[in-house]
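Dropping the structures in below, format is structure tokens.
Each of the next two complexes has chain A plus one other chain: chain B in the first, chain C in the second.
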Partner chain A sequence: MPRIVRGVLITALVVVVLIWLESGFGASPGFQTVLPDAAWRQLVLFAMVNVVIALSLNVINGMAGQFSIGHAGFVGIGAYTGALVAGHLHVRLGSGDPQFANSFIVMPLVLLASGTIAALFGLLVGLPSLRLRGDYLAIVTLGFAEIFRLVIATAQTGGTAEGSVAKFLASLGGQNGYAGPEGNGVPQYAGPFWIFGSVIVATLIAWRIKFSGWGRALRALREDEIAASAVGVDPTRYKVVSFVIAAAGAGVAGGLFASMHDGSPTVQPDSFTFVQSFDAITMVILGGSGSVSGAIVGGVFVTVTVKLIEQLQGLESIQAFRADHPSIDLNALRMVVYAAVLIGLMILRPEGLFGEREIFRRKRPKKGGGDPDNNAAQKSQSTQESTQDSENSTPADKESTESASSKQATSETLTTAEGTAS
Partner chain B sequence: MSELVLKNVTKRFGGLRAVGDVSFTVPEQSIFGLIGPNGAGKTTVFNLITGVYKPDAGSAIRFGETDLLPLKPPMIARLGIARTFQNIRLFGQLSVIENVLVASEKNRKAHLGAALLRLPIFYRDESETYDKALELLRIFDLHKMADETSTSLSYGNQRRLEIARAMMLKPKMLLLDEPAAGMNYGEAEGLKKQIHWLRDEFKLTVVLVEHNMQVVMGVCEELHVLDHGETIAHGTPEHVKKDPKVLAAYLGEEASESTTEAAP
Partner chain C sequence: MKILNAIIAGVAQGSMIALVSLGYTMVYGILKLINFAHSEVFMMGAFFGLFLTVGFGLDTSPMFAGVAGTLAAMVLAGLLGALVEKVAYAPLRARSGGRSNTNTRITPLVTALGMSVLLQNLAQLLFTARYRSYPQLLPIENARTIVFVVAVVVMIALQFLVYGTWFGKAMRAVSVNVEAARLMGIRTGRVISMTFVTGSMLAALGGILYCLSQSQVYPTMGVVIGTRSFVAAVIGGIGSIPGAVLGGVLIGVIGELTKLTPYSGLQDVIIFTVLIVVLLVRPSGLLGKAGIEKV
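On to the complex of A and B.
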């Protein structure tokens, strides 16, 4: 099948599945059929938002090797932008319950605005700090994220704000959070269609960045900046562009987060503290720096682990234990358990779950029959095939990739981790 | 014409004059050797040519018609000046062929947008550069390890991979920083042949920093000798070999006196 036909068919299939998840075509929405428990639905959507955050952070931290530790700041900018846009559009559309049909008007604008504004701030932060070699980016991003949060959290609400900037900041609700223009909550337009759809698109983008000449230059830059510039790679340009891409991705994740189904009705500055930035870094490093699959798995893993530890507290035996020993603060122990899990993983797999590898990456098939060890004697079309194939490796259509590759009987598995770890 | 001209090039690091008032011209398609004892400033000269360091006021470095002084390293590389490093600098986590592919930066037609949309130009570009990279790996006999990570290669192979990567730039000039370091006699002989062959095949100018005299005397057509950042001799290998200052720098004052006395 020609590449384009296959692409169109897969896209159509994915879109149909996503619409079914959201609307159910008249019947009950597919997502609710699959997951009847609202708490689990919320957890899944939240995990997917975190996956978008991890995927975007992976571009700058994993691929470009520049340490950004203020990613939550960009998520926050995206969230507030998204909440403002969604809130005002919702009023224009006549308020009421958010309709799925209306989300096709609201969400594209929300995501576009969130991504663009976050990208602009990314440019503002990245341009001066990425011209220099070293750890400046870490310091600047950390500072930036805190400044952003504090500016919003400490804005004077109610009463005497003067000047348009102060009035605007006050309208964001300060420490209490932003609850839409009418104060009755940010409209929750981002259902499974938009959230899963964004994850798929973000995965595609991350994957195509990594497996392209552009991504190769980025990874080379991470390995050795001097050598990369000696072969014509402009470090500043690559670093700034990848940082802006990461910021835009974080903004989109923020936009999704703000108007997520079953999410919090307000956007609060405390959702974007250093702890959230740190969680994002954990997701990337846990999954494996530079690995797209790793970022996805890391995002899900961290979200679910934190949630599971919370759920464990509800168990009867734990409740009984708590009643017997009131002096032990289980809430504080939660972080200890989380930390222990992370430490254990880092000891077992210091390079992260995946290292820089991917789950579904076919090796370039061997060409010619002569020398069986002649790994390199591939021809150009084989690279075409492998890149083409990699397009399909989004979570939604893993199966199709799997079946396609098993048909062609080529070796593609999670490359053995041992041995190559260095 | 793309000859390399250095005029009165000086570089100080704090109080230390690493390179002092060095001038020389590398003719097009020659094999030019830059030699001298340890700490003579040879690698600094390479770093000045490639833009890693900027020389002090009064210096001039030109490549053909282009003034190199205002340019940053990536631009100088794109002009066609490729280099290798004394302490090998490969992209460790990247595979052997990826190391070479990175150097196609200048000639890459498919930019980020095309890569994201996977336009036809992206596939064409990727397959063309793969073919080119593979061809280069074959020249340097590295094609069998194309998919291995570059850190897993032996020392000699890593050196050769660095040259292959530099050649992917389609350079007009190749700066080799101690390519024979750590090589045995046989490997060094092979390197000599390879340098000659590269120059003839790709119409290159080669500038060589090297300690291995077997290589320097066997391959260079013109030599420039530095000691403590100063020029002490210049000329053909035969001429330089007999220069008393060179002998003094390499062998010490007394030894050179005795040899000059012994010489007719």
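On to the complex of A and C.
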């Protein structure tokens, strides 16, 4: 089958599955059939939003090697923009329950607006700090995220506001959060269709960025900025554009977060603190900075553990324990454990779980392992792969490697089974 | 008159910020690393000061308790700083010579940030998140003068330490070139440890002085002051000790002056705007030297 036909078919199949998840073609929505429990649905959607955050942060932290530690700020900007756009459009469309058909009008505009605004702020922050060599981006993003949160959280909401800026900030609800233009909640248009769809698109974009000339230039910059600029890679341009891409991705994630199904109906400044930025960094570093699949695994893992701790706090035994030891704060404990894991990981295995490798693809020969023939074969394979870089995101390529690895895996399990039997 | 008062208050506040930013700038000068954990050492120093001052007997002789508590807290914070360096940064340095295939630039920043989060949450677990008031050792009107005088004395001492002693010479040598310094017989590891100890002691002193004039101790107090101090170091020219002092005083004065306007909440916005302007106009900072990088 020609590659293009296969591509179109797979895209159509994916779209049909996503629409089934959302609407169920007249029957109950597929997502509810798969996961009847609303809490689980919320967890899955939330994890997917976090995957988009991790993927976007991975572009600047992992691939370009510039340390941004205020990613939650851009997510927050996207979330507020998305909530504003969705809320006002919802009123225009006649309020009521959010319809799936209407989401085709609302969501593209929401995502476009949140992405664009976050990207503009990214440019504003990135341009002065990324011109310089050194870690200025870290401190500027840290300050930016904190300022964004404080400006919104401390806005005076009591009707005493004067001036258009103050009035606008007051309309965002201050510490209590923004709840739509009529104060009855942000309309929740982003169902599984939009959220899973965004994850797929974000993954494809991240993949194409990584295995392209652009991605190689970024990696060169990360390893040695002087050498890279000597061979014609303009550091400022590459770094700033990558940062703007990362900010736009964070903005889109924020837009999804604001209008997520089963999510909170208000957008609160406390959802975008330094803790969230640190979680995003943990997702990227844990999975392996620079690895697309690593960011996905990291995003899911961190979300699940955060949720798990929330669930644990509801248990009676834990509540009794907390009553006995009021000073023990489980969230602080989680942060201590995460930070310790991160430090240990940096010391023992600084490349993260996956390193720069991907799950479905063997880019580099294994270090020190295997016989030389095998190594040589892998090397030739990797050079071959890099020559086809522009094409290798087609499903055919992935499928073959995947099936090969799964075959290997099954044969391995078979031999171990035999071993235990004998 | 109001403006003059604000400037005086700003200089006192700024000299406290300068004490903290000295730690950032010294570590950056030597290791080219933003020591994110420095702001938590500042916070821990304030906690140590609080506990030790109370422990030394506040009722019997407040003056003795205050001074002894402060000195002991500085020693403890210095040990903490050395510990942070040993646990989080030294292993990376030992290894970075051998392997270059990993993301080497970002690794020390991640450990530094991890260390900061670790210490902050550890403090929350150990001391709980509630705000504790610091014992009022000095009458409030004198506190500013004391803060200013102590800060100036310490800075003169630091200037002597860096430019007048063997250790200071070794420190400057390491900051120019670690490898060459090692070849000249300087124990670089020890010099780096001592730099962390010095910086952390200054941070603890800054923390205690901060609490003397503001009178609250809590686990997240390091975040705001730490960020401001680092910005001060960058504005003054990172790696330059007089630059850190100038940047600190500048930020203190800006902070106090904004309190006169109706936009007192936007203090940090203005500080960051100043930072961005400085980065655009004079990237090496006000007193920093623009160095040529040789390859």
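Here, the second predicted complex is superposed on the first by the 322 of 422 C-alpha atoms of A that agree within 3 Å, B and C clash if a C-alpha of one lies under 4 Å from a C-alpha of the other, contacts with A are read in each partner's own complex, and residues count from 1 in each chain.
The rule we apply is simple: contacts are C-beta pairs under 8 Å (C-beta built on N, C-alpha and C of every residue); 3 or more make two chains touch, one makes a residue touch a chain.
Only a predicted model underlies this, so the values are computations on that prediction, with no experimental measurement involved.
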| item | value |
| --- | --- |
| Which superposed partner A:I226 touches (first chain B, second chain C, both, neither) | both |
| Contacts of A:G213 with chain B and chain C, given as first, second, both or neither | first |
| Partner chain in contact with A:I205 - chain B first, chain C second, else both or neither | first |
| Which superposed partner A:G163 touches (first chain B, second chain C, both, neither) | neither |
| Contacts of A:G143 with chain B and chain C, given as first, second, both or neither | second |
| Chain B versus chain C as contact partner of A:G314, first or second or both or neither | neither |
| Contact residues common to both interfaces of chain A (with chain B and with chain C) | 222-223, 226-227, 290 |
| Residues of chain C defined as touching chain A within the complex | 32, 34, 87-88, 91-92, 100, 102-111, 113-115, 117-118, 120-122, 124-125, 128-129, 223, 227, 230-231, 234, 265-266, 268-269, 271-272, 275-276, 279-280, 283, 293, 295 |
| Touching residues on chain B, where the partner in the complex is chain A | 50, 52, 72-74, 77-78, 82-83, 85, 89-94, 97-99, 101-106, 108, 110-112, 115-116, 118, 122-123, 125-131, 134, 137, 143-147, 149, 151-152, 165-166, 168-169 |
| Residues of chain A defined as touching chain B within the complex | 205, 208-209, 212-217, 219-220, 222-224, 226-235, 241, 290, 356, 363-364, 373-381, 383-384, 387-388, 391, 420, 422 |
| Sites on chain A touched by chain C in the complex | 61-62, 65, 67, 69, 128-129, 131-136, 138-140, 142-144, 146-147, 150-151, 154, 222-223, 226-227, 274, 278, 281, 285, 289-290, 326-329, 332-333, 335-336, 338-340, 342-343, 346-347, 350-351, 355 |
